Each structure stands twice: as C-alpha cells, then as structure tokens.
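Listed after this line are the structures, all set down as structure tokens.
One chain, subunit A, links the two complexes that follow: it is found with subunit B in the first and with subunit C in the second.
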Partner chain A sequence: MSTTIFLQALLSGLTNGAIYALVAVGLTLVFGVMRIVNFAHGEFLMLAMYGGYLAFTFLGIDPILAVFLVAPVLMLMGYLLFDGLIRPALKVPEINQMAVTLGLSLLLQYLALVVFKADNLLVTQERSTASIWLGPVLIQMPQAIAALASIILLGLFYLTLRKTDLGLIMRVVSQSRDGAALSGIDISGTYRWAMAIGLGTLGIAGPLMVSALYVNPHVGQLFTLKAFVIVIVGGMGSFGGVLIGALLVGVAESIAASWLTASVAAAVPFALLILVMLLRPEGLVPAGGSR
Partner chain B sequence: MLRRFLPALVPTLLAIAGFCFSLSDPYFMEIFIMVGLIGTVAVAWNLMAGFTGLVSLGHSLFFGIGAYTVAYGQVGFGLGPLVTWPIAALLALASALFIGLLCFRYGLRGYFFSIATLAFSEVAFLLVSATLWLGRSDGMMLPSSPETLRYLQFDHKWPYGLIIVGFLALTLFLSQAFLATRPGFYWRAIRDNEGAAEALGVPAMRYKLLAFGLSAVVTAIGGAIFANTFAFVDPRSTLGVELSIQLLVFGIIGGLGLLWGPLLGAALLIPAGELLRTYLGAGFHGVNIVAYALLMIVLALLLPQGLGGVLAARLRRRAPKKQAAAGKALAVEAAP
Partner chain C sequence: MTKFTIDRRQTLLMGAAVAMPAIIPSRGRAATEALKIGVLVPMTGVHASDGIRMLKAHQLAAKMINASGGIKSLGGAKLELVVTDIQSKPEVSRAEAERLISRERVSALAGAWASATTIPAAQIADRNRTPFMITSAVNDALTEQGMKYVFRTAVKAKWFGGYIADFLDYQKTKGIAVGKIALATEDGPAGQAVRSNYTSVMPGRGYPILTDETFRTGTPDFSTIVTKLRTSGADGVLTCAYAEDSTVLLRALAAQNFRPLYVGFGGAHVNQTVLAAGKPSDRTFGVVEWSPDLNKPASLAFVKAFAEAHPGETPLSNQAQAFVATYALALAADAAKSTDRNAIREALTSLKITDGPAAVLPAPVLSFDEQGQSPSTCVIVQAIDGKFVTVWPEAVAVRPPAPVQG
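Entry: the complex of A and B
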C-alpha cells in the first residue's frame, strides 16, 4: 500500500517536474544570455494560461490547438518587451533592473486582477476527468498531455540550442558578450530572440497547463519562485541542471504533499534550495561544462 | 555638527509635524503610523541595499520575527514588550547572521542573494501559515489587558504614533552617525567594488554580516511595534513577499543613495495609495498597486537616483549657486 502511494507520488512529481522544466528553461535562457533575471516570468505564464482559457471559452479552441495561437502572441510580447523595457533596463544598475521586472510583475498581476477578477478558472473538457493507468498508479489525462508536450519541447529546445546557428549564437553571447560583438554578432538581435523564445515556451506551457491547473491572477508568482529555485538548484544557467532541478523539485514537492500538510509541502522546494546551498553551492550541475 | 545631522534632523522634524497634524483625525493617524513604521523599516533595509549593495527581498522575515515574537510572547507567556522586543531583536540578529553566513560563504551575489533571501522568507511564511500555535494563516489576536503600560495597550492610536516618531528618529540619527564611522565607509566601499575593497584589506564578509544584522534588528523592532500597535498579526501582512517588495518600491522611488530616500518614498506612496483607494472605491481593488508598479518601472529606468536624489541635487545646487555659476562659465570657456 505504502509503495503504491510512493510510486503515485513519484509519478505525479515527475509529470509536474517536466512542466516546471519547461517554465524554468525560458527563465534560464533569458538569464544565461542577457544576465538579467526576469521577475515577471511567471506573470507571462499566467497570461498564457488566460490565453488558453479564453481561446477555449470564447472560440471553442481545444487547448492543444490554442498553443499555436498563444505561443506566437507570447513570442511577440517577448519581442516587444525587449525593446520596450529590457533594452533600456540593461543600461541601469542591477537593483534598478530588479525594480523594473518586479514592477512589471506587479503590474501584470494587478491588471489581470482588474480584468479577470480573482476567480479561479479552469478549462474542463471530456478528457479532463479521464486518466491512464500505468500498472498500479494512474495519471490524469491533462497532466499527461502537458508533460508529454513539455518533454517534446525540451528536446526541440535542446536541439535548437545545440544544432542551429541561432543556438550557437546564443551560447556565444552567453559566454562572452564582448567577444560575440567583436565577431560581428548582433547582440541586441540575439537578446531579442532570447526573450522571444523564453516567453514563447510559456506560450506553449500555459494553454496546456490551464486544463490541469486553475488560473488566477496570482498563479504566476508561485511559478516564478519555483523557477528561481530550479535554476539555482540546477547551477544557474545550464540546460541539464534545469532538467534535474525541475524533476527534483517536482518529486520532492509531491512526495512531501502525500505525507505533510499542503502548506508545509509548499515550503519543500525552498527548503531544498537551502539544502543545496548548504551542501553543493555550485548547484547540482555546475554551469560552464554543459552550457 | 548640526550640518552633519541635517539628513536625520529634517526628516525627524517633518515627522513630528506630521504627527501633530495627524492628531486631528484617527484616520490620518493610522496613515501616519504606517508611513512612519514602514518608512523606518525601509530606511533600515536601505542600509543594506543602498549603502552596502545587498538587495534583500526577504526582509519580511525579520519583520515577521518581530511581530510574532511579541504576539506569541504575550499570548503564550504573558510577556510584555519590555521582554519581547529584545528577544525579537536577538532572534532577528541570529537569523540574519545565519542566512548571511550561508549566502556570503558561497558567494551568492546580486540577483542570487536576493532570491535566496526571498526563499528564506517564503519558507517562514509557509511554515507559520501551517503552525497551529501561531494561528496558521488566520493570524493571532493579542488579548487586551487593563495593564496599559506593561503591554503597551492604549485606547487611542496616537501614543503608538509617538512611539513610531521615536523609532524613526533613533534609527535615522544612529544610522547617520554610523555611516560617518569607518565601518560605514567600508559598507560603501564594498557596495562600489567588493573585490577592490577586499584587496585593500576590508574584511567584506564581516561588514556585510554587520549590515545584514543591524538592518534585521531594526526591521524586527518595526515588526514588534506593528504587533503592539494593531494587536493583531497574520502571515500575509507581516511575513508576505508583498512587504519586502514594498521596501524596494519605496527605496527606488525615494532614492537608494540617501538615508532618508526610502522614507520619502513611503511618505509619498502610502498616502497616495490610500487616496486612490478611497476615491476609486473598493471595486477597483489593485488600482493603487498598478499605479505603484508603473511609477516604479518609470522611475527605475528614467530616474535611477529617485525623487529624493533629484531633490537633494536641487537643494545642493541652490546653496552654492554663485560657485556653480562661475564653474559653469569656466566650463563653457574651456569647451571649444
């Protein structure tokens, strides 16, 4: 009996972890390339979730198909965000950069509150209640779809980073900005693309998540914090680290949730961060090698 | 001597004036209390952020330690502020040193220091929200008692306003005096270039811990005063991220380079937020935060020195106007 509970917790932890990885990977990309931490990252996820919800409710578009609508919108937002806020923010001290993205996070949260009110919204379809049995444990259909999609996307993301010119350029810029500029690489252009892709991944994650998880104006904050934890645990900037960090956080959280109260379980990712800071300050997968 | 303490004296006199004005109406007094309390905590936060270059996003942890020590001390043991305030300060000091040691030893800097402090305060928030004897997320009410002075319980709000004026003045004067000492200069050296400061023999770790500890102690006293003033504590208002972010907002808007900058930010934004809320009504909950956020973004980008910085520059320019004019003429002559 206890083994079943454990396996169940492990499985749902891994599915959650896969989704977290997709959310955190965009944050790492933006930080790795531009050395700026976007505190509003989760708020864009929240917008993408609302996007998926609205597309389903008003246009009757299935969340899986809504991805093709929401992701380009989020990419465009990233593009505009770079020119509107991030480019000027690169010129001011770090604490002001922090204030800019924190301000953006508050702005989006409370604008969403004004527009959408504080209600919890969810896309419910026929398949929402369906589930798949894997031996003794089961997995909810929406979670399964989101996790599968995020695994495929993470693969695509990795290939882009490794095999394409754009990926090469982004890796170059993240290693040495000046060196890249001297080699004739368009730094602003690269930043713009990093921002667009970083938010674009959220445009894919959002609509898929909204059929598994309630969306409200404050849902993003939670994900921003978790993504930070994942990025630091994973060694601040490496792709492999994000994957491991995300799975670890997902599993730790869901195992804790099956034994402890919800509120204590929610503290587990942060406790994990503190543990890693104590024991392995370079992160689980040190950046540099696998960048 | 007087000149040196001007940055502490002028805000204190203004605070006393504000206090006297607020005596006319309990609603004003409530606003004054929030401005004085959160403003002073923001000044303490800025000793770290603006003067040592350590941006904490987890200061609500220390505020919460202060508030919950007072609340639990009274509910659980019947202790008054005379005992609970020093305990609160010690607890905050200990946790700041622990967190600081952990972060600095591993070289967490910039963003990562901020995020780590945020993580610590979030752990505290979640744990307190789950702890039965601390009232969970419902919070704790401080029982009323006839012993007015022993438990600092007054029928009116104004005595608390008076305590806060003292808290504010003490913090400003002590900080101003401290910034003129050797450790105060070390802080700024570390802020400007930690590597260079260390190369010149400044034990950066020790002075960063000092900044963290002092800032935490003042913040905890602020939290303790909060608990006594409102006779109620809950995780959202004393341990939540919102409080920590508020300190950053006040700092950015008032000016991080000045001791009184964050106080100015609080004095402008808290009443403005109240006004917005009163005039727009409850239906527009959150509009004041939208305005906060917009203001913060615009000022952080366009006016990195904050409103206080602009004000200070204007004041400084007015004093030696002749010299400045002469200097300008010289510069123009030299230019071509």
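Entry: the complex of A and C
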C-alpha cells in the first residue's frame, strides 16, 4: 500500500468516524440518561434525511440551513415520542422496551416506503463534487461539512453537560435516578429533554448526510448497527467515548478496506467490539470517567 | 406374491396414463381451444415489484397477439395466460410449475424472474417435457446442462465481459483508446459474479486489470477506493454497484477530477437514481440487455404499446424479455400448428425471428440453439444530457458514443 493510499484511508476513516459520532451521540445520550436502547434511532436519522431532501427540493433550502429547520422538528418528535411511547414503556421490563423501539423502527421504515417509495433520492448541488485537497489526499466537501458539524456538536454537548444546569441535572439523573428524584429533580422532564435532544442531534446529521449520500427508507439501518458498536466500544452513555469509539471504528474500517477485501473490512468494527468486550467490558471511556 | 401383482398392475396403469395423451388426440388440437401458457412471476415477497412489472409485459404480449387474430394456424385460437404467484420463493416456484403442468395442462411455461426461482421451475418443466421459456434469469448453467425443454431469450451472465471487450474494441476503431482497466464491484453475489467474469475475460482480450477493488453496499465514502483507481494508471473503470452506491462512487470520481471511461452494470446503473447524481454521471456508459430507445421498429412499437397500456411508464429491459418470451412461445405454437408440448418444443428449435412484433431485443435474430440458448446480445448506453442513449452496437444505436470528457 502506497503512502498516498494509506494517508487517504486514514483521512477518510477520520471523516467517516466524525460522521458516525454525529449519529451515535444522540443514541448514547438517550441510553446514558434514560437507560433506553432506542433501536429506532436510525429511522429517525432516515426521517431527518428526508427532511433535508424535502427542504432542498421543494423549498430550495441549502442542507446547511435546513439543519435549523429539521433539528427542531426532530426535537419535537423526540418530545412526542417520549410521552407517546417511551414513558409508558419505562414501566415494563427492558426486553419489552426493546421490542417497542424495534417495532417502531420497522413501522417507520414501512411508513417511509409507503410515503416516499423505495427510490433513492439525492440532493445535488455544486459542492456535491467539490473537495478540499490536503497535499496528495482529499476530503469531499459534503463529508467535510458533516464532520465539522459533528466536532462542533460534540463540543457543544461537552459544554452543555459541564457548564449548564440542564447538563448537571442530566448527569445527576444518569448517575442515580432515584437519588435525583429524592432531591426533587423532575425525572420525566429530564427524560423528555434527553429524548428531544437525542433525536434533535439527528436533525443536524440528517440534512448534512443526505447531501453527502442519498436517502431511501432503509438508509437508517446502515448506521444503526454501527452506532451501537460505537456506543458500546466507547462506553455506554459516555460522550468522550462516542468520539473515540467513532474515530476508532471509522479508521479501523477504512484502513482494513484499503488493505483487505470489503467483506473482511465490514467485519472489523464487530471484531473490535468483541475485543473491547473481552478486554474492557465497561468501554474505552466508561461513562463515569467523562461525567 | 399378491403384492407383486398389484405392483405390476400399477405399472401397467401408469404406462397407460403416460401413453394416453399420445393415443387419444389432445384436447388442445381442437381449433377453438385456447393456447394456455403458464406465467410464473413473484407477486409477493422481496421480488414483488419486479414480478408485477414482468406480468405487465406478459399481458401486453397476450393482448397484442389476441388483438391481431390469435394463433392463426390454430384457427385464431386465443392465447390464455395462466398466471401464478411464486412468492419470490424457489420451492413455491417449483410447486407452482408442477401444478401448472399437471393440473392446468398448460402447453408451455414462461418465467420465473431470478435465477434462484427459475432453476427449480425449469428443471420441473424439463422433467415433464414442457417447454420453459426463461424470461430474465442469467445463470449460465440453465442452458448448459442439456435440458431439452428449456429456452432462453436472455443473455448468459458470462457473456457480459465479452460485450464490454467488443465495445472497447469498437471504441478503439473510433480513435478512443482504452488500454488498462480498473474494477470496482460490490461484495455481494451479484457484484462478485460480474467481477469474476470480468477478471477472466478482460485480460485475454488485451485489457489488463490493474486494480480490483471491492466495496460494501452503503459505504459512506469512496475516496480511498477512487484514489486507488486513479493512482493505478487505469483509463477504464468497470463497476457493478447498486444505484445508491453508484451515485456516491461517481461523485467521488468527480471530486478527484478523475474521468475515465466508466461502464456500469445492468439496470442498477441504467437508472434514474444514477442520472440524478447530475454531472458526475454524465457520459458514463452502462451495459444492459435492452434499452427503450433501441433503434429497431419492433422495439419502438413495443415501447409505444406499453406506454398506451400503462400511461407514464417506460418498460425496462427485463420487461422487453418477458414480452419476447411470451411472443416466442405463441409463434412456436403457430409454427407447430398445435398446442402439444412436444410440437411446440420442436417448433422452438427451428424458430427464426428477424422481424415482426417479437423482434424487440437487440440481437438481429432470435433463435434457439440445441441447448435452448438464443444468440442474445447486450447494448451499451451512455448518459448524455440527463438521458441514457443507446450508442452500441452500431446496428441499433441511436447515436455514436460521445467523448468521455463532457
């Protein structure tokens, strides 16, 4: 493998990793605060991608600006999802909660199939084929924008959790639900916000990702499994872990793909997952460490 | 001893049952009796949308045949399609083929979309001496294992590399030289079948393969693969990818200012999604079994009739094949002057369609060799100004290929 190809694989891996982090951060927030495994996470990403597509195609809104339209819609969805589906599900055993979110995931896919058909839809702009060259290697513009948004978002998350009252409350609830309730913290309200913000992050990811890729009813599935791997590798509910896990998965996958065949490379994130589970079952950056 | 006698009796009975149709004149010989053709299509399951599309083409052929006076040598007998849903499952395809042959007494069968659902049905038909016309399956073995009753209007999978080499040879005579090839294929069964075909054919035809990349469907970023293709020194890129991956790949090529001669594979490339990628897909080629703009009178008439029957719809290549498959069986029955299965089989082996409404496919002649395979060919289309246009072979091309650098 030549140096150019190695550097390109490394850079692509970091870019992909940052995009994966953008998808996984909401998942880890919901899990960290609520201990709910949301299997429908990828489907909300799919809806946000359709949102970005519709805003661009019918309103002529650039995907970067569409973020400000789609993110509030996704937040509202999270808000409604909590009261409509998750709050009742909190009373039932965890396995039933999983069944609820899994069912929701399938329901959303088929609803999308009915509404949007199975066709792939694209956002085509001037910058779809633009790129930033760094010496012999490059990042494509739409991917670069999504990666940059991911870094900004993770920074904001860090600040929110560290410096604001909401962040403090979320950290408290995630450490001990009962303790927080005894201290007079509104648990349901916190959960509702966690769900709204968790899905809201997808409102940022969706429009930016649809301009780099495409959207179809099943596109969310491409990312759900990877997002779970990242969350587990990084440490369930840990934000530092999401970034490290995502970059690790992105780079490992990319370097493996440039070295070996695609089929072998596709197994790499899962091999990594098993390795981490064996050696460090609490994840690379356990949630306690980053709080 | 008693048991033995019964066995013998049974054997006799069975023999009589087998011989009966031969002794007693077949009901099908009555002049007004319809010609029954069984149509195996998936109408539910994963291939449902494909099956429903195929059925429209079968039905259009039947409608056109009946509107023009039915099977003339049989006194204007109507063509009757006995349609069955194979549920996208090989075992259902097999059982339904059996049912159509034994219960519905069809004279011939046509179908059955994918290779996986076609193989069991074709085997059943062959065993029951019933002509089976393959509509769309490309598995090589179907017309290589000596099945006497199986016929195919479609191409064989292993011929694709040859078509591309022929096309590149043709480009050379026009002064557009492509010498070295890079491959990029998806890592599923379809992509890998195409890949092994290309790797076995292209070097022998004077097109060395410099790099051979695989990728997974849903890959979010093709930068590394495109860097490899670009730095390999190849000037031709052959791919097999699903439409969504093609768009990401084509944009990655454009982002690196790499404009090789690009040939995508089949209906997954010759697709609205790929055109929607805009400029990156412009001037790319696709190898496909048929194209609606094909410069052939019967083909244009088929597209027109299809649009009239289904407003707003343009038929796809497999629909043209299903249309031709139905027509070929009707023409064979006409030539045989019979609805008898063996007579139709005999007629198929000497059938030669060069014109008329069934001459829809790009090959100049539709006939079947001793293995039941037709000398099919593919066409090369090129994305020019937001449309796929047939550019090769010359005989059916709408226009010559445009230069790769748009």
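Keep in mind that, in the parts below, the second predicted complex is superposed on the first by the 289 of 291 C-alpha atoms of A that agree within 3 Å, B and C clash if a C-alpha of one lies under 4 Å from a C-alpha of the other, contacts with A are read in each partner's own complex, and residues count from 1 in each chain.
Assume a contact is a pair of C-beta atoms (placed from the backbone, for glycine too) under 8 Å apart; a residue touches a chain by one contact, two chains touch by 3 or more.
As the structure is a computational prediction, the values presented were derived from the model and not from experiment.
S.K.: By the touch definition at the top of the document, which applies to A:G103: first (subunit B), second (subunit C), both, or neither?
M.R.: After superposition on chain A, A:G103 lies in contact with subunit B alone.
S.K.: With both complexes overlaid on chain A, does A:S176 touch subunit B (first), subunit C (second), both or neither?
M.R.: After superposing on A, A:S176 lies clear of both subunit B and subunit C.
S.K.: In the superposed arrangement, which partner chain does A:T261 touch: subunit B (first), subunit C (second), both, or neither?
M.R.: both
S.K.: So, A:T57: does it touch subunit B (first), subunit C (second), both, or neither?
M.R.: The answer is neither, since A:T57 touches no partner chain.
S.K.: Once chain A of both complexes is superposed, is A:T164 in touch with subunit B (first), subunit C (second), both, or neither?
M.R.: After superposition on chain A, A:T164 lies in contact with neither partner.
S.K.: Look at A:S188 in the shared chain and tell me whether it touches subunit B only, subunit C only, both, or neither; answer first, second, both or neither.
M.R.: Touch status of A:S188: no partner.
S.K.: Do any residues of subunit A touch both subunit B and subunit C, and if so, which are they?
M.R.: Touching subunit B and subunit C on subunit A: residues 261, 263, 266.
S.K.: Within their complex, state which residues of subunit A touch subunit B.
M.R.: Subunit A residues touching subunit B: 37, 85, 88-89, 92-100, 102-104, 106-107, 109-111, 113-114, 221, 225, 228-229, 232, 236, 261, 263-264, 266-267, 270-271, 273-274, 277-278, 281.
S.K.: Under the touch definition given earlier, write down the residues of subunit A that touch subunit C in their complex.
M.R.: 2, 4-5, 8-9, 11-12, 15-16, 19, 118-122, 124, 128-131, 137-141, 143, 212-214, 216, 219, 222, 254, 257-258, 261-263, 265-266
S.K.: Under the stated contact criterion, what part of subunit B meets subunit A in this complex?
M.R.: On the subunit B side, the touching residues are 49, 55, 102-103, 105-108, 110-112, 114-116, 118-120, 122-123, 126-127, 129-130, 136-137, 241, 245, 248-249, 252, 256, 284-287, 289-290, 292-294, 296-297, 300-301, 304.
S.K.: Note which residues of subunit C are touching subunit A in the complex, please.
M.R.: Subunit C residues touching subunit A: 49, 186-187, 213-216, 218-221, 223-225, 227-228, 231, 243-244, 247-248, 251-252, 254-256, 272-273, 276-280.
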